[in-house]
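Alright, structures below, take your time with them.
Here chain A shows up in two complexes: once beside chain B, once beside chain C.
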Partner chain A sequence: MKCRKCGGAAVLELRRHNAAFCTPDFLEFFQNQVREAIRKYRMFTRDERVLVAVSGGKDSLALWDVLIDEGYHTTGLYLDLGIFDYSVESKAKCEAFAARRGVELVVSSVAAEVGAPVPVIKDVTRRPPCSGCGLSKRYLMNRVALDLGVPVVATGHNLDDEAATLLGSVLHWQTDALPRQSPALPSTHPRLVRRVKPLYRLSERETAAYAFLKKIDYIVEECPFAKGATSIAHKETLNRLEAESPGAKHNFLLGFLERGRPAFERVEDVVLNECTRCGQVTTGTVCAFCKLSDRVKRSASV
Partner chain B sequence: MKVVLRNPRREVQVAGNRRVKDVLRELDILPETVLVIRGDDLVTADQVVGDDDTLELRPVMSGGAVSARATGGVNEVP
Partner chain C sequence: MKCRKCGGAAVLELRRHNAAFCTPDFLEFFQNQVREAIRKYRMFTRDERVLVAVSGGKDSLALWDVLIDEGYHTTGLYLDLGIFDYSVESKAKCEAFAARRGVELVVSSVAAEVGAPVPVIKDVTRRPPCSGCGLSKRYLMNRVALDLGVPVVATGHNLDDEAATLLGSVLHWQTDALPRQSPALPSTHPRLVRRVKPLYRLSERETAAYAFLKKIDYIVEECPFAKGATSIAHKETLNRLEAESPGAKHNFLLGFLERGRPAFERVEDVVLNECTRCGQVTTGTVCAFCKLSDRVKRSASV
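Right, the complex of A and B next:
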């Protein structure tokens, strides 16, 4: 198989683009896709500091790597979820990456902020672990960004993540969720920072290939709680479609963003308040994070 | 030839001297779901691998909680 650009030996075939690339041309393709994402959604400027949420996995470290190479002013944020050895190892990967690239990494601990690590939150709430984990991550990403005075948080969500979320929303016709699925969520309140996903045009195989080819040491093991998650089932379904019809995931997501999403947009009638306890944004009076934290602390004191 | 699989890590022996895509098919693995690694290199599905080769098939899927789907960044009641 030959590289589409230079004719040399290819290392990766991208069936959805009907192309294959050698290492240098694949890395350039990857950078171009990130540039296009940032440009198209005006995610951030070169004057802005960007908080990159990193988990130690391939996507977030690939994102941080490419933004550093592009000359953006970045700070990494690692959220310690307290998930046994998985968190110990993933934190070490982030610290090693930050040291190697000479960039700043901020660490925030869910156990310190919520009152217990993710495995205990799961038991206290009796909900799937991804529920309390996702809530805590979204809250802490926003709060750390506000504390640091950073206007935007970038996450490593890729094409597969976004297509799986879209499939989940469509399967349940969550018409409130559909207009909010976007590679860039603007700040709609002074205490809510912008959130962007610069890898939304790249599949997880492409981000894995980028991380491998750039010799980024990332955690290959999955989160022990990911097994059986609904989003994984959606990804597997989409991968089977992709095998039969290359480009299916790309067309599903990008077609939605360009043609489907506008049909679901309507004037937001949600009123955003500031939580009476912590000051973060909520649609109620006390935010879900504070309620979660109360519940965890109540449980611990019993 | 030896094939290294991950999550959990394990090794299997399969016949070599055939294309990567044939190895993947025998193991019932979709090409889109793995990186195929030989030493320090990635190999494409049309390449022939020898009996003495070792291939790592590294899964690329990640996740659990995917995007904040309905919240637009605002946390609702869990």
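Right, the complex of A and C next:
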């Protein structure tokens, strides 16, 4: 197997691109995909500070790594979810990465902000753990960015993540979720920062290869609550389609962004208010995070 | 397992309806689903003649059977594709069914109309066999209906067929195909009859059970050219989703019809002309059927 660019020995075959690459040329391919994502969606400029949400996993650390190499002004954000050993280890990976690269890492704790860690939130709400966890993460990412004066949050969502979410939305034709699925969500309110996903063009296998080749030390274990999540089943479905027809995931997601999503964009935007309790945006009066936090604290005081 | 309606012994469990039925109550359930389809999409009335396209398989014969029982004025149409023994046997099944029920069956031959049977068309065009076959079937169904003065053609497409087609269109975001996917396509030109799919709410398993319980003698073999068709792969994908989450297919298709399809309906319709050769509708000057037929005849004369 030869590298498509230099003809040297390839380390990785990318069937969907009908290509194979040696290490330096794969790393360049990876960087180019990130550059293309940033350029196409005007995600951020070199003058802006970017808050990179890192979980300690391969995707978010690979993202941070690329952005540092590309000369962007980044700050890492680790949200401590309080999920037993998984959180202890993943935090350590983020801290070690930040120290090694000499970059700033901010840590925010869900237990401190909501009143309890994710495992307790799960029991109090009696909903799937990903529900309260996702809500808390989205809220805290935005709030920390506002507090730091950073205009944009970047997350490590990759092609597999985005295609799986899309499949879930399409199987139920969730016409509310479809227009919100994008590699770049603009700021539609002064108290809402931009959210971008610079890895949306790169598969999970590619981010894993990047992290491996760049010797990034990341947490390999999945979140213990992820087992049985529908997103994992959707990823398996897409992996089978991809095996039969290389490029299936890429065509599904990028075809949606080009031709599907415009059909679902709403003419009138949702009206955003400021939560009367915390000042963050909400479509109601009190935001979902404050309601969750209330419920957790009430339950703890019983 | 007890029948949901009468409490007697059930013969069939329908997980997606969280129900089980005895034979008479299943047959009634089946008929009700067909009635609901006809009513919801105003497919045809008791005053109209309906051309039922029959292949000899379970779906189309079950459809014809229900429509006869419901008192509709039907004529069967068998299109002889000339696919070896498969066509010989499937034609015999249709003729036996028509004789048993005392209904009229019209036979039209692709070899006579196009100039060669499907296996030869496949070789001449060097395209997948389903391509020329589907084109010829759609054309001939419409032409026979026009010749007979019948305003509507009904086909046996079931929930699995429709969901698989939809999955194929969505995976590639074929925005041309998406608005055309409907249980009822109106006549948009005087030389184009309506096309309807009264079984779109019923799964393949349900049409098989109906045919079995009504003792309909149908051809069990699939078309020999169907092997490896992507529609079969898409059905397997959907079957896995259905096994994990009963109702997945139904929600996918019916959710699309309710909330997805309206987003893709084009504001301006395609302009339809009459083919300068045969007079049937085309978006160009000479229709695709006449072009195919020319090509087949030219190749035969070489």
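Rule of thumb we're sticking to: the second predicted complex is superposed on the first by the 300 of 302 C-alpha atoms of A that agree within 3 Å, B and C clash if a C-alpha of one lies under 4 Å from a C-alpha of the other, contacts with A are read in each partner's own complex, and residues count from 1 in each chain.
Quick note on the criterion: contacts are C-beta pairs under 8 Å (C-beta built on N, C-alpha and C of every residue); 3 or more make two chains touch, one makes a residue touch a chain.
Remember, predicted model here, so these are calculated numbers, not experimental data.
Applying the stated contact rule after C-alpha superposition, one finds that A:58 touches chain B and leaves chain C untouched. Of the two partner chains, chain B and chain C are each touched by A:240.
In the superposition on chain A, A:107 contacts neither chain B nor chain C.
Of the two partner chains placed by the overlay, only chain B lies in contact with A:223; chain C stays clear of it.
Once the two complexes are laid over each other on the shared chain, residue contacts for A:19 go to neither chain B nor chain C. In the superposition on chain A, A:148 makes contact with neither chain B nor chain C. Set side by side, chain B and chain C differ in how many residues of chain A they touch, and the one touching more is B. In the superposed pair of complexes, A:168 makes contact with chain B only, with no contact to chain C. Applying the stated contact rule after C-alpha superposition, one finds that A:281 touches chain B and leaves chain C untouched.
Contacts of chain A with chain B, set against its contacts with chain C after fitting on chain A, overlap at residues 240.
Chain C meets chain A in the complex at residues 170-173, 175, 233, 237, 240-241, 244, 248, 251-252, 255-256, 258-260, 263-264.
Residues 6-7, 30-35, 37, 41-47, 58-78 of chain B touch chain A in their complex. Across the complex, chain B is touched by residues 1, 10-13, 15, 20, 57-59, 125, 127, 129-135, 137-139, 142, 157, 160-162, 164-165, 168-169, 174, 176-177, 180-181, 185, 188, 192, 195, 197, 203-205, 207-209, 212-213, 220-223, 225-226, 229, 231-232, 235-236, 239-240, 242-243, 270, 272, 280-284, 287-289, 291-292 of chain A.
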